[in-house]
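What follows is chain A paired twice: with chain B in the first complex and chain C in the second.
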Partner chain A sequence: MAIQSTTFTRSLARPNFLSALRALWAVMKREWMIFVRYPSWVISLFIWPIIFPLSYVLTARALSGRDGSGMALFQAATGVHDYIGYIAVGTTIWMWQNVVLWNVGFSLRNEQLRGTLESNWLSPTWRFAYLLGSSAPQLLSMLMFLTVSAIEFTLFLGVRFEGSLWLTLLTILVAVPSVYGLGFAFASLVITLKEANAFVFLVRGIVMIFCGITFPISILPDWMRPIANWLPQTYIIHAIRSASLSTEGLPAILGDLQALALFGIFWLTAGYLVFNWMERRARRTGAIGQY
Partner chain B sequence: MGNFAIEAKQLVKKFPARAGTGDKNGAPAPQLRRQLFARKEPKTMFTAVNGVDLQIERGEIFGLLGPNGAGKSTTIRMLCTLLEPTSGTAQVNGFDIVKQATDVRRSLGTVLAGERSIYWKLTGRENLEYFAALNHIPPTVAKKRVDELISRMEIKDRANELVEKYSTGMRQRIAIAKALLARPPILLLDEPTLGLDPQAARRVRELIAELKSEGHTILLTTHYMEEADQLSDRIGIIDTGKVIALDTPESLKRCIDQQEIIRLELTGWHEEIAERLKSVAGIEHITTHQQGEADVWEVNLHAQNSRLALPRIVEHISGNGTRLVNMNIVKPSLEDVFIHLTGKALRD
Partner chain C sequence: MEIKSLSQPTFMAQVRALFAIARKDWKQYWRYPLNAVSTVFQPVIWLAPVYFMGKAFSVNGQALGFAQYSGTSDFMSFIILGAVLGNFINAVFWGMGYALKNDMDSGVMESNWLTPIPRLLILIGHSLTNLIVTTVTSLGMLLVCGLIFGFHPTGDVWSAVLAILPMLIGLYGFGFAFAGVVLLVREANTMVDMSAFLVQIFSGTDFPVTVLPKWLLPIALILPLTYGIDAARGLLLKTDTLLSIEAEVILLIIFMFVMLWFGSWIFYRIERRVRTLGTLGQH
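Moving on, here comes the complex of A and B:
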C-alpha cells in the first residue's frame, strides 16, 4: 500500500486577521491590474462625462428658448439658477449607479464566465472578500470619473461649483454604502440568474424616472413622489447638488445624509445577506460551476 | 486527525432534473427563473453521485476513472467544498466537508478546469502571488514559494509575461503550481492532462509522480486509462455515479485474466457482423471504435478462449465487403476491465 513515512498533514497557510486583510488587498490589487490592462477604460473616463449630460442640457436649452426666458419656471421649481450644473450632477449620479450595477453587479458573473470564480472559491479566504475587494478598485475608478466629470463640466459646460468640496466628498462617502450595497445584492443574484440585463435596465430606469436626475421630483405625479422618497439616489442627487452647487452648507444636506446613512446600513446588510444566501444555494445547486 | 487522507461514506449528490443541456460537471443547466424562489424540492431529481464510498490513504495516488458524466467531477467538487452533498458524509484531512469547510480548503490544493482557472490578464508570477495571498501564506514564505514553483514549472523565462501569451501546457502548469502554493497535504486533480499535447501531458504525469514521492496524497480523476494505470496506486472505477470497482490496477486487470482480448482491425464494418459475432460461443463483449475518418474499425472481442472462437470469428467477418487488416490477442487493459464491468467502452 502507498502509505509513506514522509506524508504530512499541515499546509503553509497561517490564517489570522492580517492574512485576511492581505487577501482582501490582493483581490483589490488583482482587480485594478486587470482593469488598467484594458486601455479602453481611459476613453470612457473622458468621453462619457461630457457626452451623456449633453443631450439633456441641449434639450433644456431648446425648451428654455434662445433668450433663456423659460428658465424662470425651472428656477422657481428647483431653487437653482444653474440648470446645466443641475442636470450634470443628476446625470453623473445616474451614471455612477449605472456603472456600479454593470461592473460590481456583474463582477462575480464575469469571474464565473472566465472560469476563475471556482479557483477563488477554493481558497480558504472569506468569500465576501472577493466581492468587497473587487468593488474597491471600481470605487477608485468612479472617484476618478467624478473628478474628471467635475473638471469637464467646469471647462466645457461652464458649470460653477460654488459649494463646498468637503461637503461634496462627505456626501459621496455617505452615499457609497447604499450604491454599493445594491451592487452587492445584484452581483449575488446574477450568479444564480446568470443573465440580469433586464434587471439593470429596470433599476436604472426607476432611478432615472423617480429620482429626478434632470428635473425636480416636485413635478412627479402625486403617486410617484412617495416612491422617490424610498430610493437613496433621490437623496444622493439632492445632497450633491446642494453641497456642490450652492453655498447653503451642511444644514441643507443634513437630512439627506441621515437618510443615506440609514439606507446605507440597510443596503449593505441586504447585500451581505443576499450574498450569503446565494453562496449557500450555489453549494446546493452547483451554480458556481455553471456557465 | 482521521486515519485516512480522504474518507467518504455514502456520498450522494442530486440536482433538480431540468430541461436543456447539463454543464461540464454533470450538473444540469440553470432552472427556469421561477425555480429560484421555489421552496419545495423539484419532483424530478438527477442523481450525479449515488452512494460513493472512498477511503484514500495518506501518500497514495488514487485514480478515479470513468467516462464523461460518470460523477468524477461532482465527487471532487463535493470533496473540495464547492458542492454540498445531498446526503452522506466525507472527511478530508480529518475535517468534515460541510461543517469544517474552511479547514478542508486549507488542507487541499485543487486543480479544476485547468487553464481557465487562472487570470489570463495577469502574468504567471502575478497569478501565483495573488493565490498565495488568498491561501494566507505569510509574505516572506510566499515569495520564496512562488520563485521555487516558477523554477520547478520551467517558466522562469516567461514568468513576467501575461498568461494569455502562454501555451495550454504552460497555463496548466501554472494552474498546478497554484494548487501547490500552500504545500497542501492533499491534492485533487480533475483531468489534469485534458487537452494537453502528448509532451505536455507526459510532463504533467511526471510531476504528479514527483509530488507523490514528496508525500502528497493525490486524488486524480481521468478518463485516460493509461494515465490512471501508470500513476495510480489504487483505482476506483466510477460509472453512473457509483464506484463499481476499487483496487490496484494489477488486481483489477487480474479479475478478467481468464479472458482474452481479440483486437481486430478491419474495413467495411457493419452492425450485422456484430450481431453474428455475438452468437459465437465464448464471446462476452464487443466494442467497436472507428479509427479517424477512414473506414478502419478497431473491434475488441472479450473471449473466454480465443483459440476456440477464432475460426468462427474469421468466418463471420469474411466477405460482404469486410476486410480483415490486422488481428492481435492482447493483455487486458483497464479499459477492458471497464468494458467487462459495464458492457461499454470508456469513450462511449
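Moving on, here comes the complex of A and C:
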C-alpha cells in the first residue's frame, strides 16, 4: 500500500506574523549590541541630564537677581514657584525629542551608510520592523535617561517631585507614540533627503521656540500661541510638569493626555504612511542603494 | 644656478602653502551655503527660550534682577554678545578639532603629511579660514539676533574687538592641541560636544559667572575665556567686570602666548605618537 504524505511548504516570500516578530527581535538585539558596544553613552547618560538644564537654570538665577526680586516677577507672571523643576522638565523633554530625531531619524540612513540597507531590504521581512526595531532599544535607553535625570535633579538641583510617579509614567507612555511617530516620519524623509541635519535643527528648533521648555506658553506673542497648540511636545511638557511637580492629579492633565492620544494616532499613522511612500519611491528611483 | 631643494621650502613657499590650504577650506565651506545660513540662524533658535524666559523676569523689557549680577538690565545684549563669542568657541572645538580628522576621512591626510611643509602650517591654514568664516557668520548672527531680540551696545566697538583678539588667537592655539587629541582619539563626538558645552557654561557665555555656586566659580576663574568675554562685555555694554579691563587684557595676552606655545607642543607630541602607532592613515 502506498503511503501518502503531504508536505506543506511555506514560501520564504510569504513571511507570517511570527517571522515578522522574529525579525523585529533580531533588529532590536542588533541595535542594542551596537549601542552598548561604544561606552561613551554612559558618559552622556550621566552628564547631559545635568549640564543642559544647568545653563538655563543659572540664566534664570541671574535674571532673578541677588535679592530674588526678578523671581517674584516671574512667579507673578507665570504662577510657577519651582522654576528649577519647571526648566529641568522642559529641557529634558526637548532632549528626548532631540535624541529621537537623531537616533531613530537617522537609523535607516546609518544602515545605508554601513552598506547593509539594500541586503536587508531584499529580505522577505516586514520592512517597518527595521524602524520599529531601532526604536525599542532607543526607548529603553531614554527611559534610563529619564530615570537618571530625575535622580540627578533631586540630588544636584534640589528639585522636589511632589507629584505622582504613576501619572508621570502614564504621561510618558501616552507621549511615546507622538515622539516616535515623528521619528519614523523623519527616518523615511532622511533616506530620501540624504543630508538632513538642517531638518533636525529645524524641527528641534521649533520645539525649542514654541513648546515652552523654559517659559509658559502664555508669554508667547498672540500669533505664536496657536502654533504651540499644534505641537504634541507642548502637551507632553505641560503634562509631565503637572504630573511630577504638582499634586493636582489626573484632572489637571486629562486634556493633555487626550490631545496626546490623538497626536499619537496621527503621528504613528503619518510615520507609517510616509515610510510606505518612501519605500515605494525608493524602489522606483533606486534610492535605497544610493550613498 | 642655485637650485633649491624641495625638502627645504622657503618662507614664501610656506606662505603659498598656507594660503592654498586656507583657500581650499574657504571654497569647501561656501560650497555648502546652507551650513552658513544654519550657523547664522541657529543661535536665534537657541536664544529664543532665553528671550522669552527673560521677558517673564522683566518689567518693560528691563531685567532689574539681572542688573544686580551684571551691571546691566539689558540681558539680551549681554547674552547675544556671549553667543557671538561662544560661536568662536564652538568653531574651535568642532571646526579645528575635526580639521585633521576630516582630512583623514577624505583620504588626503597621508599625502598632505608627506609634503615638505611644517605640519603645524596645515593647522594654521585651517585656523585662518575657520577664523575668517566664523567672523563672517558671527557678524551675520549678530545682525539677525540684534534685529529680532535687540542688541544695544553703548561702549566702544573697536576697543572690544582689540581686547578679544588675543583671546581668539589663544583659543586657536588651544585648537592646535585639540586637533591633535581628536587625531589620537578618532571617535571624539561625545568628548567634543560635552567639552564645548562645558567651556561655554563656565566661561559665562549665557550668564554672569558670579551666578555660579561658590564651589564651581574657581573653574570659571581659571578659564582665560571668562576674562575675554567679560572684557568684551565691559567695553561694549559697560557691564561690571571681574577684574579691571586692563588686568583682563594683560591676562589674555599672556594666555595668547602660552596657548600658542602649549598648543603647538601638544600637537607635535601627539603627531609623533600617531606616527609611531601608525594610525595616521587609519580611518
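Definition applied: the second predicted complex is superposed on the first by the 275 of 291 C-alpha atoms of A that agree within 3 Å, B and C clash if a C-alpha of one lies under 4 Å from a C-alpha of the other, contacts with A are read in each partner's own complex, and residues count from 1 in each chain.
The rule is simple: a residue touches a chain if its C-beta (ideal position, glycine included) is under 8 Å from a C-beta of that chain, and two chains touch if they have at least 3 such contacts.
Just so it is clear, the structure is predicted and the values come from calculations on it, not from any experiment.
Undergrad: Classify the contacts of A:A287 with the two partner chains as first (chain B alone), second (chain C alone), both, or neither.
TA: first
Undergrad: Examine A:G70 and indicate which partner it touches, taking first as chain B and second as chain C; both and neither are also allowed.
TA: In the superposition, A:G70 touches chain C alone.
Undergrad: Let me test your reading of the model: by the given contact rule, A:T192 touches which partner, first (chain B), second (chain C), both or neither?
TA: first
Undergrad: One more residue to check, A:S19. First (chain B), second (chain C), both or neither?
TA: A:S19 contacts chain B only, not chain C.
Undergrad: Looking at the overlay, what does A:P216 touch: chain B (first), chain C (second), both, or neither?
TA: second
Undergrad: Look at A:A60 in the shared chain and tell me whether it touches chain B only, chain C only, both, or neither; answer first, second, both or neither.
TA: second
Undergrad: First (chain B), second (chain C), both or neither: which does A:I51 touch?
TA: After superposing on A, A:I51 lies in contact with chain C but is clear of chain B.
Undergrad: What is the shared patch of chain A, the residues that chain B and chain C both contact?
TA: Residues 38, which sit in both footprints.
Undergrad: For chain B, which residues count as touching chain A in their complex?
TA: That would be residues 1, 5, 15-16, 23-25, 27, 29-30, 33, 36, 57-61, 74, 77, 80-84, 93-94, 102-103, 105-108, 110, 112-113, 116-122, 126, 129-131, 133-139, 141, 145, 162, 175, 178, 181-185, 212, 214-217, 233-234 of chain B.
Undergrad: Quick check on the complex: what are the chain C residues that touch chain A?
TA: Residues 34, 38, 42, 45-46, 48-50, 52-59, 63-70, 75, 79, 187, 189-191, 194, 197-198, 200-201, 206-208, 211-212 of chain C touch chain A in their complex.
Undergrad: With touch defined as at the start, can you tell me which chain A residues reach chain C in the complex?
TA: Touching chain C: residues 38, 40, 43-44, 47-48, 51-52, 54-56, 58-71, 73-74, 77-78, 87, 197-198, 201, 204-205, 208-209, 213-216, 219-220 of chain A.
Undergrad: Taking the complex as given, what residues does chain A use to touch chain B?
TA: My answer: residues 1-4, 6-16, 19-20, 22-23, 25-27, 29-30, 33-34, 37-38, 114-116, 118-125, 192-194, 283-291.
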